[in-house]
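Some structures to go through are shown next.
Two complexes follow with chain A in common, the first pairing it with chain B and the second with chain C.
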Partner chain A sequence: MQEKNRGLALFTLLVYVFLLSPLIIIAATSFEPGTIMKFPPQGFSLKWYENIFKQSLFMETFKISIIVSFVGNLLALLLGIPAAYALSRFDFRGKEAWNAVFISPVLIPGIVMGFTMLKYLVVTYHLPMMPALFIGHTVIMLPFTIRVIASSLSNFDFSVEEAALSLGMNRLRTFFVVVLPNIKSGIIAAVIIAFLDSFNNVEISVFMTGPGVSTFPIQMLSYLENHFDPTLAAISVLLMLLTAVLIFIIERLLGLSYFTKR
Partner chain B sequence: MTLLALENVSVAYDHQHYILRDFNLNIERGQFISLLGPSGCGKTTTLRLIAGFLEAKSGQFTFNGKNYTKVPVNKRNFGFVFQSYALFPHLSIFENVAFGLRLRKVSDSEIAKRVSRMLEIVSLTGYEKRFPKELSGGQKQRVAIARALVIEPDLLLFDEPLSNLDANLRVNMRVEIRRIQQELGITTVYVSHDQEECFSISDQVAIMNNGVIEQLDRPSTIFKYPRTEFVAKFIGFSNFIEFAYREDRDGEIWLKDKATSFRVPKHAGTDKSGGRKIAIRPEDINITADSPFIPSTGQIDTGKELNQVAGAVMVSTFLGRSYQYVVRTEMGDFTVNREMEEPYANGQKVLLTFPGDKLVIVN
Partner chain C sequence: MKKRYVYWLMLPGLLFLTLFMLLPIIHTIGSTFFQEGQFTFEGYLHFLRDRYYVDILLTTMQVSLVTTMACIVVGFPVAYHISMLSPRKKGFLLALAIFPLLTSSVVRSFSWIIILGKNGLLNSWLVGLGLIDQPLEILYTPTAVMIGLIHLFLPLLIISLVGVMENIDPDLVKAAESLGSSRFTVFRKVIFPLSIPGLILGSILIFVGSMTAYTTPTVLGGKKRVIATFLYQNAITLNDWNSASVIATIMIVITLLVIGLMTKMSHKFRVKG
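On to the complex of A and B.
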């Protein structure tokens, strides 16, 4: 039986207000026609949305962010899929230690990671900004990639792999033909989660950007230093929409795989 | 003719703990052989070794006259049926069964023909387009059997294939497995921990314990004449008597202790030379009410007749068709089953008779 508890209902409402009101305010101010963010907005205009696309720096850094995420994701998958497979499939000496190594980037404060990367990749080894960004983003994506794919593999019955071997398929082909298709949704979820993490990343990127090379969130920050118009509010709304769509996809994928476990 | 031979094979997961040590097994062509034993006895290890999923530390595996020790699993052409069915979840039933044929570059029309014939054998015609998750456990296992058989394997291997199914289905499926195996005349190695299952479908059963085959025989032989105490216990002999002395006479073996002596006529179950331990099933001991005091002398009759011992009922339990008693005697406690209307009361003096032909000498 459902019990009514007014106190609890009120509390829940307050939590929602607390969580959602900044987002609603940002969304509302993005339609402000004036040059300064105001709430409530004094009219309705899409001109700040238009402004995003007129700012070449936004367009350029958006492209860089996408490229960095894409390349980082690719590298993270190339490293992460075999690592997740090895960690789930085999027992070997030091397995726990390896697990800890792969998860460690999540445990280290981002700002420390960023600074370390700067010190080693850029200062010590004189790596150009782009490759440094690729490596930095690969490192932050890798733990998510491994975690999500490993959890997908933990639902996979490895005797299915042995069945393919016993029917005459070699190990490598079995991996591609039998294992990969069955962890597909896990891989897609891993890609999306890693993408979001990389695309929103500031702490690592901030150390590896400079003249000519910058990522989208960094560009947003530097825009804010000089302008206080509603452009950033408009960008925030678009980013929220993008994130919502991606999260929805993950929900569908992981949700489905959850129901088809057996 | 020997088709498969494991010679002095050893398997260890690390340097000290051997699962199998100097293990030997020969299997004849066309035979259905079961490996039976408690968990951890090495039966699954043996099967996985034959399949090629495991590599032996030492020893040789010969198959059909060829050395298979180093042949990788995907080059062996053995069919393997898993406990968890292990169907390909992303493929239809047709594609699951066709999997091995596609690898063998069989033409599409031939694949269609052989898959449909195989689905017919396992009574799953009409299920081609379904996916594994839409099938019941029994159906999945039949697909797995079809998938293993369609490649015309040189050997068929089963790893506890029925243990995830419910009891009724298990009985039906084991009849199916036996029927299909006989129809195709394919040499089969079957692993299970279920005694009834193994005994009902196998030509030969190997009872394993601690990485060693304790006995390899026809099911009926094992059932009647277990060779070792472990095997005897495993198949329901719960009474053991060890004697101090043994004397072999014409057609008879005399076993003696300080107080008692037993005579066992020689038969197939007594050919262990030097064995001084006998075993008998609880239902093979005759139990009769006895007045152990001989009225004239007032002494206790300890059973002067052949192979008799007097005792008293300690515990009685109802088994449905019979009662089971624990009887305490001067030779120790015995478990005895007897069909009767009214049970003996606790403390009842009874006389146990051990029929010679039911006594088995074990090592």
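On to the complex of A and C.
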């Protein structure tokens, strides 16, 4: 019995080595002083980190990515909070179907969504690229926003809301004064999770590029086509640090069980 | 009165998705059946007649199938092991799996270049150990794409399976153990059957995800196309919007078929289990 367990533990360890070693290797190569990525690095230098900030395209696309996920998050919250409230507060006919509707952007292949949005919104209806990018990102963020906020609402004791209503407060005011403050941490977590989804998105953004419009991951991909220096490794390290910090915050707000529930 | 009020709350979201997701898709699917104003299946016939197109579709299917199988074979025992650990260790290992899951797919695909390249780590180790004389050509082949995809999706399967296994009633396991079942028998008769619906769900996500993945094949696949990179190439590089629309429709149909079939299967198991 013990034997089998030890075998399993060893296997698990190997799998984790497979999962994490590429990320560790890439982190090590970011300190390479030479112009080509090498592992192990031939020295220690931070010059490729400096190089990121000298590349105006990286700085500009980073700004665009932040703006896109900010606008997308705002729209997704405006659309998602009422929907999440309806789905977790009330029982009504066709609830399953409505749930499926709001999950559907996860099920449609991203690359197909990106292409069809470009074809229909930009080419056929002449929507400028930037608003199309905002819209595309809102669509992919919405399911995450709704799911996280709905699960946070399902932990909320609605009898508190009933009490406020019975004391004569109107529904809208009750929502803002009583319900919303109680799901604050759920909303923050939803914003972070949707942010990560938008910030890392390639499939929609890759179609929505034009003069002065492109996102950070797309800029990384196009840099990769022509360069083999450790700049991307340095960027990877900064992105991993950002991810780690955000996961830590999500863990504080929701607990990791959010990820294991499906 | 209350009922209508509920629908008003969801209406903006529904309208948004209809306008910006559903209509573009319907518009694209519709356009594949018309050429110069005439109703036709020519777009699809053209696709199926071309050996090159069909090859891309088959390569994609093969890569996705192998990726899904590998994730199941590797992920299942790992999830089982994690689910039996103490909450502290479990939380730690879950966090370590969530980290790559939320890390940019560009970063994760890119990290394999230095390992799989011709003068990469793997080749220099294998040559150094005397296992091979010539460096292996792995980078920019479907094998590299497969490795990248397994790396991309394995955490997803592990995490969702741990969730499923945690939900198995511990009394069932205790009952089986008190009746003298060995741990392996408990696994075979209790844990495995009860995990099947979750396993099927995870497999759908991985299969559909690998079939439609764009970033990993772009970074690791080189000139060899899969269906998602082929869609991009047709739309943007070749400006062939008709072919791109046909490919997009084929991808939607396969995705919905896989989801439909597997969901049906998982329901079947759920009734039995």
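Assorted remarks:
The definition used in the following text is that the second predicted complex is superposed on the first by the 248 of 262 C-alpha atoms of A that agree within 3 Å, B and C clash if a C-alpha of one lies under 4 Å from a C-alpha of the other, contacts with A are read in each partner's own complex, and residues count from 1 in each chain.
FYI, a residue touches a chain if its C-beta (ideal position, glycine included) is under 8 Å from a C-beta of that chain, and two chains touch if they have at least 3 such contacts.
The structure presented is a predicted model; accordingly, all values stated were derived computationally and were not measured.
Three-chain overlay on chain A, with chain B and chain C fitting side by side and no clash.
In the superposition on chain A, A:Thr116 makes contact with chain C only, while chain B stays out of contact range.
Legend: residue contacts after superposition of the two complexes on their common chain; A:Ser56 is shown touching neither chain B nor chain C.
Shared-chain residue A:Leu165: touches chain B; no touch with chain C.
In the superposition on chain A, contact is made by A:Thr243 with chain C only, not with chain B. By the touch criterion defined above, A:Asp157 reaches chain B but does not reach chain C. By the touch criterion stated above, A:Asn226 is placed in contact with neither chain B nor chain C. Taking chain A as the reference chain, the count of touched residues is higher for C when chain B and chain C are set side by side.
Using the contact criterion defined above for the overlaid structures, shared-chain residue A:Pro181 touches chain B, although it does not reach chain C.
Measuring only between alpha carbons, the smallest separation of chain B from chain C in this overlay is 9 Å.
Overlap of the chain B and chain C contact sets on chain A: residues 260, 262.
Here chain B touches chain A in the complex through residues 51-53, 72-80, 82-84, 86-90, 99-100, 103-104, 133, 144, 147-148, 151, going by the rule given at the top. In the complex of the two chains, the chain C residues touching chain A come out as 2-3, 6-7, 9-10, 12-14, 16-17, 20-21, 23-25, 27-28, 74, 77-78, 80-82, 91, 93-108, 110-115, 121, 151, 154-155, 158-160, 162-164, 166, 182-184, 198, 201, 208, 211-212, 214-215, 218-219, 228, 231-232, 235-236, 241, 244-245, 248, 251-252, 255, 259. Against chain C, the residues of chain A that register as touching in their complex are 1, 4-5, 8-9, 11-12, 15-16, 18-20, 22-23, 25-26, 29, 37, 39, 75, 78-80, 82-83, 85-87, 90, 92, 98, 101-102, 104-105, 107-113, 115-121, 124, 135-136, 138-139, 142, 146, 196, 199-200, 202-203, 206-207, 217, 220-221, 224, 232, 235-236, 239-240, 243-244, 246-247, 251, 256-257, 259-262.
Residues of chain A touching chain B in their complex: 157, 159-160, 162-171, 178, 181-182, 260, 262.
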